[in-house]
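In what comes next, chain A is part of two complexes: it sits with chain B in the first one and with chain C in the second one.
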Partner chain A sequence: MILWLRRNLFRSIWDSITTIVFGGIALWFIWISIEFVFITGRWEIVEVNLKLFLVGRFPEELMWLIGASMVAIAFWVAAVAGGSPLGTEPRLRLAERIVDYVRRFGLIFALAILLVVLSNSLDSLLWVGLLGIGVFAGRVVGRMRRDNKIIQKLPGIIWQPMIATPAIALVIFTLLESTLELWGGFLINFYMALISIILCFPLGLLLALGRRSSFPVIRFICTAYIELIRGAPLFVLLLLAGVALEFFIPPTISPDAVFRGITVFTLFTAAYLAEIVRGGLQGIPSGQIEAGKALGLSTVKINSLITLPQALRSVIPAQIGQFISLFKDTTLAGVALNLFDVMTVGKVITKQDDFLGQGLIYESLIFVGLLFWVVSYVMSKESQRLEKRLGVGIR
Partner chain B sequence: MSPLSSVSARPKFWRDVRFLRWVFQLLVLAVVFGILYWIYGNYQTNVERSAVPTDFGFLDNPASFTIPGTDFDQSSPVSAAFVRGFQNTMLVAVVGIIFSTIVGTLVGIARLSKNFLVKTLASAYVEIIRNLPLLLLITFMNLAVVLQTFPRIENAWQPFDLFVISNRGLALPWFEGSGLILLLIFAASIVVSLVVMKIERARADRTGQKSRAGIFAILIIFGFLLVGWMLLDYSWTLPFVDGRGTTGGLRMDPSFFALIVALVLYTSSHVAEIVRGSIQAVHKGQGEAADALALSPGQKMRIIILPQAFRIAMPAIGNQYLNLTKNSSLGATISYFELTQIAQITVGNGSPAVPAFTLTLFIYLAISLVTSLIVNFFNRRLALVER
Partner chain C sequence: MKKELTLLSTLAVAALVLAGCAADDGSQPSATTTVTVQADGSTDGGAQVSLLESVKAAGTVRCGTRDALPGFAVLDSSGEHVGFDSDFCRVIAAAVLGDAGAVDMVDLETSDRFTALQNGSIDVLVRNTTWTATRDGAEASTFLQPTFYDGQGVMVATNSGYNSVSDMNGAIVCVAKGTTTEGNAAQESSRLGLNWEVRAFDEVDLILEAFLAGQCDGWSSDVSQLTGLRSAYPDGTNALKILPEVFSKEPLAPAVLDGDTAWATAVQWAVLATIQAEEFGLTSANVDSIRSSTTDIGIQRFLGVEIETSDGSAVLDPGLGLPTDFAYQVVKQVGNYGEIFERHLTPLGLERGVNSIWSDGGSALLTTIPLNP
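Up next, the complex of A and B:
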């Protein structure tokens, strides 16, 4: 213990001074944080408005649809993650495995418990349980895909839609049952990010391939698109979609703000994704392509069977990073397109009659930050873990 | 005659790859042009229907809004508002880039410190800030820190009587007199100190003595400023509270302060990660060689590791500079008068939306291009010249 202290905190006089100064700052900071969270903070503003934060003004009687969609989405994500044949992990015993899961996803559990406690209802506990079951079922199905000889034979083009169908069907059903104006809160941030991620993927791939194509015209078009989008601030593009889109489409259609947001996020992220995928494609030795040509494969087959799978695999961490930043950027849509998203909720609830002028902006914004932080942090840690498992940068 | 010679050497043109390639490209081009034409047609009909101007004539109209704290008033033209917005955007970008580079480098080095506490604090800083939305940071700084926690002007904080901090903004001590002459003197001092540094380095290389270039440069810059101050009768002013505002010193708008702090926090956390990764990517043998030469840890970092790390980090850091410049558009959400805010206000005041936002986008595009040209220039200067 003393040895550890000497080695890590008090190696020399300067080291000791630094330790004492920074230790003082850290202790002071920890103290005010604890004092604020447990003593002076007035968290009833979050407790009262929890539903607004999470789903906005979504009708109470349709809430089960959101819960069901979340379970289906959890199933889908777990099935994709569990079925990935990436790397090999050592077999762990049950106890070790539980420790591993708690370390990786403990923050998510903690957030779920916090939300259940804040919501004061047994229903929410039930939904959290169902979410857990959804994740577990997805993982089992994903593992079957990886290990079962018969299911392995199914081509991806059939398998991927199969595991996605419940989620997509439920989201569309929710959309049909309610109107988009009722959507709000964290739900809208989550859905906008999710849908944009799915939609930007094919576009990004095409742009990346187009930028490396041997056709000069296509190369020019793709390069121009990518560079124009990357030179523009997302916020201005969103404002443009809100104010100026009317000018560019026939007057008979006027898309909802959520659709405008999703369109801009998709077009924007596709340009960045294209650059990431291009980086992956450049890392592939030309021998791979030449081998494909020697086997007499067409360009389409070389891309879809040889280069793209390797390129996409090597840039998974960078893609996740881009998706995290897309998820965080969905807050911009709230301001630019007047959506009732979680940031907007956080700002307006301090002007409610019960809380007006009491200076509760700290409480409400910190809660919003917590929601984003937990999700982004867990995702970025998972992507680092994946990076290590894929051995990117080590080879 | 062999049967082969009867087959023409050239395939029929509809089976000729060269021909098909161009057909395919022209088809794609036609589709793209079709879409663009459709959009353009919609634009024309919509504009005619609502009688909105499509040219840039609106730039000469009176702006009919004021920017507090400047001489920009109701009758100034819209173009002047855009110039003002461009200046403010550049101000945020330059100040933000300088501070986030300094903070980011320090935090990045601190993450690799042998001191457990320093390492943990630096990691906590990076991991907390990096995973929060930038808009949240900006809103938090503006609504919670500046507007709620900073005191009203009547009982402003005045630490050491040098600063005035209130929810109407910050004021710092600053020089008084013509800013241009001061700037020229500063530029001259930098040029002279660079020349002296070069001579001093050459002398150190020739004689093998220790180079004192850094100390010389600092002394020269301070000497120049001091002499200039005395000769040109410069003085500095301290800010003090004057009724509902402050007089003297350099005044910062509250929104400027909130925006800069949030941008620097956010960007520096990204820069810190890049710096850390680059330091780790410097070959281990370099550090060991420095140890073998008995360089002190400070020298090892400054002379051996950091120059090589920055060579690796430069492209990624350049990307962060571009992001910071583009992210400064979020200043519009807290009413800081930068480019996007100006565009939003002028459109709200009746300027046509499409030309105004097109202009805005092109200005951002130009800033991005110039920034990436500068970064590429430094990148090439820093790049390893391979033999």
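Up next, the complex of A and C:
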């Protein structure tokens, strides 16, 4: 230990000085943070307004629908993840596995516990339990897909919608039961990001392929679209969607701000995604495509069997990075489209009688930051794991 | 390899489903939009439907408000709008529809409020809005009975040595961005030759930080806002004082769109009912007993009680387009002006001051129009 310290931190007089100065600054920052979080920070504002933060003004009696949707989404994600092929890494023993799970999902679990504690209600504990069951069930179903001979035979075009159906049905049902204006808080940030990610993916792929197409018209349209969207600030596009969409569509159809947001995020991210995927496509040696042609494969088959799988695998980090950025950018929609998103909640609640003018915007915004950070961090970590399993950088 | 293809196709299917759902929902608001296009009346010369009729048909009043105006309209932790302005939204709903709960609160940014009124996404604007000539004219709004008379002032630290605005030569005055406050402060400074440095901040909390850190000598805003901030000041209320000068007039009034007299009349009398009720001494607590026992013909008319006349008994219907018991519903469900004031503004430390009713020897600003047959 002492040897390690000497070798790494106090090797020379200058090393020692740097260590002491910067170590002191680091310790001071850590102390300030701990003091704020545990001593001076006044977290009642978060505790009292927890529901606003999470779902906005969503009606209390329909809250179970949101819980159920979350369970169904967890099931869906777990089923997709559970169905992924075995990686190359060695099989872990039970104890190692538990450590692995804690490392991967401990943070999400800690956040869930924090929210349960803050909410002061047993119901929330029940929902966390149900979420766990949803994840477990999804995993079992995913494993069946991978290991069961009969289920394996089902084509993806039937199987994938099957596992997504509960989630999509519940979200649509929630939409029909409540008015969209009452949706708010972290819920709309999450849904906007989720739906935009799902929608922008196929669009981005098509744009990437279109830009490499041998048809000049398609190539021109795709290139023009990508360059136009990538050249404009996201915030401007959001503002335009809020105001200028009226010029292009009949006045009787006035989509809700949430749909405007989803539209902009989808179109915007698709353009970036297209460039990311194109980068991946360019990394494929042209010999492979020529080999495909020599075998008499159609362009669709060459793309879907040879180039895209490799290209998509190699650009996972950049893709996830784009999705994380999209997720965080949803807070811009709160300002640009006047949505009651989690960021708006964080600002608005500091005007409540009990909290007015006490400088509680820090506590409130730190909580908002925490929500985003936990989700983004887990996304990033899982993408690294996916990369490893698919052997990016090795193959 | 196949996996990616299947994933792709799933996403495509999901996209279709979601697009379908989006289109489905897009058609829902269209029904309400058609009503407002008609009510707007600016599109064609056809028969105009007053908002009064479309509000009654819809069963809710869409009230333009805000969720972050201390004392006037804030969102409480259960997501309900509470405040002085929010209660006047409820007053209008109680008068027109007989149900104070039949309000859709539409939160608007300062910059969006008149657009919302003009494009028909709200029926009435009760959002701490100062009645000005430009807004009355160019913004095509009709302002009604002001609900609150405010004015801009300056707050300073008690130990700062400033006793009036004219003491503050060369001071740094901090204000919130994007309101009339900023311009008023600069105007006042040049009028008195004080060379203020006016610093604008996005957030009230940021001004507070700057003020606590000693970066501001004075803090300028509407007196109602300053009073609220003062009462919540971390160093105690007495660490701050509000200077006596008030250098702008801010009559805060509800507004409706120009050219809809029936609706404007309805909103006007809903607001007047709260003032009249206070003058009569009617509160939400005693209105039921007074209604059944009173012999005062003025109160009977006001509350829509049957009155014996030579032609038999009748209820006064002044023809305002409101139910004859509108005033009773307003007082019963929301309360009189004084009750609303005490509920939301007194806790902030605001005095009635110029907002006392005329019969209490207050100013003639809050006066009522006689409700005679």
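In the analysis below, the second predicted complex is superposed on the first by the 387 of 395 C-alpha atoms of A that agree within 3 Å, B and C clash if a C-alpha of one lies under 4 Å from a C-alpha of the other, contacts with A are read in each partner's own complex, and residues count from 1 in each chain.
Going forward, contacts are C-beta pairs under 8 Å (C-beta built on N, C-alpha and C of every residue); 3 or more make two chains touch, one makes a residue touch a chain.
All values derive from a computational prediction rather than experimental measurement.
Enquirer: Judging by the criteria at the top, classify the pair chain B and chain C on chain A as clash or fit.
Expert: Taken together on chain A, chain C would clash with chain B, as the superposition shows.
Enquirer: After the superposition on A, what does A:221 contact: first (chain B), second (chain C), both or neither?
Expert: first
Enquirer: A:164 in the overlay: touching chain B, chain C, both, or neither? Say first, second, both or neither.
Expert: After superposition on chain A, A:164 lies in contact with chain C alone.
Enquirer: Is A:347 in contact with chain B, with chain C, with both, or with neither (first, second, both, neither)?
Expert: both
Enquirer: Using the superposition on chain A described above, determine whether A:259 touches chain B (first), chain C (second), both, or neither.
Expert: It touches chain C, and chain B stays clear.
Enquirer: Quick check for you: in the superposed arrangement, does A:234 touch first (chain B), second (chain C), both or neither?
Expert: first
Enquirer: Return first, second, both or neither, reflecting whether A:49 touches chain B, chain C, both chains, or no partner chain.
Expert: Only chain C; A:49 stays clear of chain B.
Enquirer: A:361 in the overlay: touching chain B, chain C, both, or neither? Say first, second, both or neither.
Expert: A:361 contacts both chain B and chain C.
Enquirer: Now for A:137: first (chain B), second (chain C), both, or neither, which partner does it touch?
Expert: neither
Enquirer: For A:107, decide between first (touching chain B), second (touching chain C), both and neither.
Expert: A:107 contacts neither chain B nor chain C.
Enquirer: What stretch of chain C clashes with chain B when the complexes are fitted on chain A: 21-29, 165-173 or 273-281?
Expert: So the stretch of chain C that bumps into chain B is 165-173.
Enquirer: Do any residues of chain A touch both chain B and chain C, and if so, which are they?
Expert: Common to the two interfaces on chain A: residues 251, 347, 359, 361.
Enquirer: Provide the residue numbers of chain A that touch chain C in the complex, in ascending order.
Expert: 48-49, 51-52, 56-58, 60, 80, 84-85, 155-157, 159-161, 164, 168, 172, 175, 180-181, 195, 198-199, 201-202, 205, 251-256, 259, 262, 304-305, 308-309, 312, 338, 340, 347-353, 356-361
Enquirer: Would you pull the chain B residues touching chain A in the complex into a rising list?
Expert: Residues in contact with chain A: 21, 24-26, 28-29, 32, 39, 42-43, 45-47, 49, 52, 114-118, 121, 127-128, 130-136, 139-140, 143-144, 148, 326-327, 329-330, 332-333, 340, 343-344, 347, 353-354, 357, 360-361, 364-365, 368-369.
Enquirer: How about chain C: which of its residues touch chain A in the complex?
Expert: Residues of chain C touching chain A: 1-15, 17-19, 21-22, 25-27, 29-30, 33-34, 37, 67-71, 74-79, 104, 107-109, 112, 203-206, 208-209, 212, 228-229, 232-234, 347-348.
Enquirer: Residue numbers of chain A touching chain B in their complex, please.
Expert: Its residues touching chain B are 8-9, 11, 15, 18-19, 22-23, 25-26, 215-218, 221, 228, 230-236, 239-240, 243-244, 246-251, 324, 328-329, 331-332, 335, 343, 346-347, 359, 361-362, 365, 368-369, 372-373, 376-377, 380.
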